[in-house]
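Presented below are the structures under discussion, each in the form of structure tokens.
One chain, chain A, links the two complexes that follow: it is found with chain B in the first and with chain C in the second.
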Partner chain A sequence: MGDDYTRLWTYRLKWLYTLLVVFTLMLPVFYVIYISFNQNGFGARDYVFTLEWYGDIFSDLLLMNALGNTMLLAAITMLAAVPLGLIAASFYKATEAKLLTVTLLLSPLFVPADILGSALLVFFKNLNIACATVGEWLGISWFDTWFELGYFSALVGLIIYTIPYIFVVILITMGRYKEQQSEAARSCGATAWQAFYQVEFPQIRAGVFSACAFTLILTFNEYTRTSLLKGGYDTITSVLISQMLNEGMSEQSYAMSSLISFIAIAVIGSIILYTLVHTDRLDREARAKAQPLMST
Partner chain B sequence: MGGSDITAPIPAARLRLQRRLSRALFLLPIIFMLVFFALPLALTVVWSVFERTMFWMKPGFTLFAYENFFFSARLENFLSSMMHSSVSVVVSFVLGFPIAVFVRRRIPQVAQHRVILLFILPFMVSEIIRIFALRPVLQRTGLVNTVLLELGVISEPITAILYTPMGVIIGEVMSFLPFIVFAGFLAMEAVPKYIFEICDDLGAPRHRVFLDVILPLAAPGIFAGGVFIFVNGLGVALLPNILGGPGAVNAGLIATQAISALDFPLAMAVSAIMMATLLGLLYLGHRLFDLTRILSPIN
Partner chain C sequence: MNQPNEIAVQVSGLSKNYGAVQALRGVDLSIGAGEYFVLLGPSGGGKTTLLRLLGGFIRPSAGQILLHGRDVSEQPPNRRPTSMVFQSFALFPHMTVAQNVGYGLRLRRLPKAEIASRVDAMLELVGLSALAGRMPHALSGGQQQRVQLGRSLVLEADILLLDEPLAALDAKLRKDMCLELKHLQEQVGITFVHVTHNQEEAMTVADNMAIIANGELVETGTAQDLYENPRRRFTADFIGENNIFDGRVSGLTSGGVDVDLGFAILTVDAHGQTPRVGDNVSVSVRSELVRVLGRGEAPDALLQSVPATYGEAVYLGLATSHVASLANGDAIVARHISRGDASDVFEAEAQVTYAWPRARMRLHLS
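Presenting the complex of A and B:
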């Protein structure tokens, strides 16, 4: 009972079901991409292939400006959040208070975007008022604008959003690292930093890089928190949403949605491919090393 | 970082300073999360009892915001969005959890992570695009209706899918299904493969294996995945905003609408109620299944 060979067809059906679910989840996105190449737009009887709508995007100055803002924000978030997540993961491995640490770092997953965004918005507005009041009282004004809504507040919201993912990804890769190697390095006279950078980091590099890619994509895609906290400037998703809500789904918004999805799929797809190839290679190397032992 | 400073003696004072600095650096993420995450969420309770002014709020004590929430259509909306969210949790579990069991049970250990990796792909496409993309799919002239009409399954387009609670539920399932697969996959770590072999040897029927073996062992992970979907179904404003009809409002939408109406105490009250719901659920789950068991794979 329950043998893959006696029940090959149920096994195949289960595989089919799994792939079907992934396909169904992706279907709306594929459909949007399909529409974006149609000259006649959504719902038209004839399908005429065109790249016209994509051309429109790149000539839209507002949009290009928003793209620049988004990329800048994504890059800054990555540079700030990934080191924080890395430190948090090392802290988690060293600390006694594991439960408290992990709860604090993972709970942002459970707080919905709009709730966290609203709370942070009011928090920053209050901080700003407090700073202005204290500044007035002391007669100085140089920290009046520190906490105004803008890049910094959006950055804080995005770090809190991405840090659980970074923490988990890095922690999983750190699980394979043996702490004794750092101890050996330290007892050979390396400083803590050398032991980390020259011994531990090369072994967790894959995790750190995938955390970086993850952060870039999550930040690039994020709408709710950014739009609540960003202040005056535009990001790509806020432009897209306002376009969709004001004009309905226009041809251009189909093209824009597809473009953003393409970027994400390309980045994640290449990471998945790389991981598959890389783990295959590691497997083969490990097997090659084990071969002489097994043959004797 | 050349090899020379390995042997170079370091003055004691500098060493002490270094140690203190590195300890401060170590605590940086924790301090960051306390100041910018735990503190604002805790303060929502304080701000929710402030008095509303024209454009902002002023310190005081009034329960007006809560009154405004509990004695209006908002409560009704909140409760019905809880209903829809619960339906989404059940549907996601029924559709997604068998995949986690299948992958853990039938796929070789080395390949398991790769299959799970597939479910990251939809999650990596922007949420707003995935939700908006459901409109052309589910619309009156959309993909689903066109295909069903062509196949002759229906004679006229179904209009009851989009802009109804049904649309919101479909949107929630499409958005959050990967999470129940991830959570289920982690949860199934608690069910070693040999247990299935023992069950097979003892001739246990399939439903008994599922109810008496898999469910109790994987309960903490399943619960965490379920809470995630439930809370996000309540809190993500885009879902009812884009897919729901006129009456579809959830907590997230109430909060963001209050913010655009400059009613900050109301927004904070909604946030506080959401946090109370979340903490209550997590406490309940912890009492029932001991949620710390989920963390065993990363320890």
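Presenting the complex of A and C:
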């Protein structure tokens, strides 16, 4: 509830509106979950509850393979892009050329996915041709395949895609950090790395972890760049989309989608809950400790 | 502990530029070991730049820094025999008071028991034993600065740098902590280099001090030297409340230097300086030495007097400032101890005589 002057019914109306928006957004997800428990699958007239499709997920090689590939891409992207974003945010805090830095770092956000994807596609194709030409000229062939489309090129596309988000998320927590603390650590005898790891990092940890979670979700959902730069139908989104376009999604796919939704909702929900409870507890502790103090 | 006459800080030709801005220009300075040394000056004058150069947080553009005889100009902060106390926000918020104080000892990988006993002793020294388990956000400003002091002193570095350590505290607390700092320094005996823009704070703690303004070292000396006998016009203007008269040397006599102000000629002792006739110079006298002569009171031979047009009285409690204007339009101030009766009241626009002891005037060539 807001302040004393908030009217009760406007307050309730705002809540109602919020819930309505969330419900509308989540409706398709609920529908997918509903289908996943139907013995007769999508569009069937009779609804028979079953857990059969969930059991079948693990024997569906196409889906399990896709899940493995997606998780691998997401994990490598996270491991590569989050440190890069962290370095970028530190640089941004230190540099005087802030406008230029922020423009360059955020520019991938303003390029549509298919344009950035196809631009990289052309880039890698040309790089391949260049490598092959130089190789032929030198009479060696061992770097012919370096830049062929595949995991590597897809990873480059995904890293470029996720860095701006990581940069912004980390910068928000870093903005509150006071640089004197690093200097104080240095003057206590810490090296630059110790000052970062022991003093700055514990304070921006929340931002770094949020950035990791964000990167995983972004990469998991990504279709355009992944399919342009890697091709093949072997990630979760590309498998689902190809099924949709061809014969319609298999029943296991509905089950898989639902399972992923359950996990995502559970993970994100518990993160939010933990954060809320934790901040609340810290606030209460701070108030309790601050009260009996005198002014000296 | 330290050898007498040992030099802790020796700085020569030290400069720092930020692009076209010269934050510090060719500073030469030496600070003896075990001294409480204050860098005093107006904001933006370069004193914090000098301190940060000593601490190794910025790299000099030119010049050399020797700490206890060792050239550290290119060394990072953790390789220098210094430790620093910051103005504010410098405690580690995710560590308790005891963990903050023990941080540097943990970096040195000392045995746990030794760290604990040294931290305890330090908390005792800075009066925070009862708060060892508190987090920094649950401390007042004064307590936070004590933790910072403890965190630095526990390292037993040779030189402690303090960057406006009391600026974030309220006036009463600042006064108390000033004396505490002074006593602490006497107890531990290491060199303190303290930056402040607050004159009273500087005079309370300093064995020696340096005035720094516009990126230059103006003058060094004890608090008393700088207050009683400033060499430079800037020092006279900055420290205490001085009346400053700008004029030209009109003659050199056995009695001193004649300085022509246009409406009066002042005769000042040269104090070993060698001005030439025609030089532009300044003469200063502290306002508490100046008196407004009452009607019928004539100046004697020991007094220098000038005519003035009385302006107003400003009551400041202990003292009352009598402001008047000279023939050239400049203001002159006489500070009398407030008497609280009619003997100290003058009419506005009245023609009065301001007078002060001749011997207390100072000549400034620059």
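Definition applied: the second predicted complex is superposed on the first by the 277 of 296 C-alpha atoms of A that agree within 3 Å, B and C clash if a C-alpha of one lies under 4 Å from a C-alpha of the other, contacts with A are read in each partner's own complex, and residues count from 1 in each chain.
Keep in mind that, in the parts below, a contact is a pair of C-beta atoms (placed from the backbone, for glycine too) under 8 Å apart; a residue touches a chain by one contact, two chains touch by 3 or more.
Treat the numbers as computed from the prediction; the structure is a model and nothing was measured.
Participant: Who wins on chain A residues touched, chain B or chain C?
Facilitator: B
Participant: Which of the two partners, first being chain B and second being chain C, lies in contact with A:A190: first, second, both, or neither?
Facilitator: After superposition on chain A, A:A190 lies in contact with both partners, chain B and chain C.
Participant: Just checking: does A:V239 make contact with chain B only, chain C only, both, or neither of them? Give me first, second, both or neither.
Facilitator: Neither partner.
Participant: A:A206 contacts which: chain B (first), chain C (second), both, neither?
Facilitator: Neither partner.
Participant: So in the superposed three-chain picture, is A:L216 touching just chain B, just chain C, both, or none of them (first/second/both/neither)?
Facilitator: Once the two structures are laid over each other on A, A:L216 reaches no partner at all.
Participant: Applying the touch criterion given at the start, work out whether A:V29 contacts chain B, chain C, both or neither, answering first, second, both or neither.
Facilitator: In the superposition, A:V29 touches chain B alone.
Participant: Considering only the touch criterion stated at the top, classify A:V156 as touching first (chain B), second (chain C), both, or neither.
Facilitator: The answer is first: A:V156 touches chain B but not chain C.
Participant: Identify the partner contact of A:A66: answer first if only chain B is touched, second if only chain C is, both if each is, neither if none is.
Facilitator: neither
Participant: Look at A:A74 in the shared chain and tell me whether it touches chain B only, chain C only, both, or neither; answer first, second, both or neither.
Facilitator: neither
Participant: Across the two complexes, find the residues of chain A that touch chain B and also touch chain C.
Facilitator: The overlap between the chain B and chain C interfaces on chain A comprises residues 188-192, 194, 198.
Participant: Taking the touch rule as given, give the residues of chain C at its contact with chain A in the complex, in rising order.
Facilitator: Against chain A, the touching part of chain C is residues 55-57, 76-78, 82-84, 86-94, 103-104, 107-108, 134-135, 137-140, 142-143, 148, 151-152, 155, 161, 170, 173, 176.
Participant: Using the touch definition up top, name the residues of chain A that touch chain B in the complex.
Facilitator: Of all residues in chain A, those touching chain B are 1-2, 4, 11, 14, 17-19, 21-22, 24-29, 31-32, 35, 42-43, 84-85, 87-88, 90-91, 94, 98-99, 101-102, 104-105, 107-123, 125-126, 156, 159-160, 163, 168, 171-172, 175, 188-194, 197-198, 217, 220-224, 228, 237, 240-241, 244, 249, 257, 260-261, 264-265, 267-269, 272, 275-276, 279, 283.
Participant: Spell out the residues on chain B that touch chain A in their complex, using ranges where they run on.
Facilitator: Residue positions touching the partner: 1, 5-7, 22, 25-30, 32-34, 36-41, 43-44, 47, 56, 95-96, 98-99, 102-103, 106, 110, 114-115, 117-122, 124-130, 132-137, 141, 143, 174, 177-178, 196, 200, 203, 227-228, 231-232, 234-238, 251-253, 255-256, 258-259, 264, 267-268, 270-271, 274-275, 278, 282, 292, 295, 298-299.
Participant: For chain A, which residues count as touching chain C in their complex?
Facilitator: Interface residues on the chain A side: 178, 180-181, 183-192, 194, 198-199, 202-203, 286, 289-290, 293-296.
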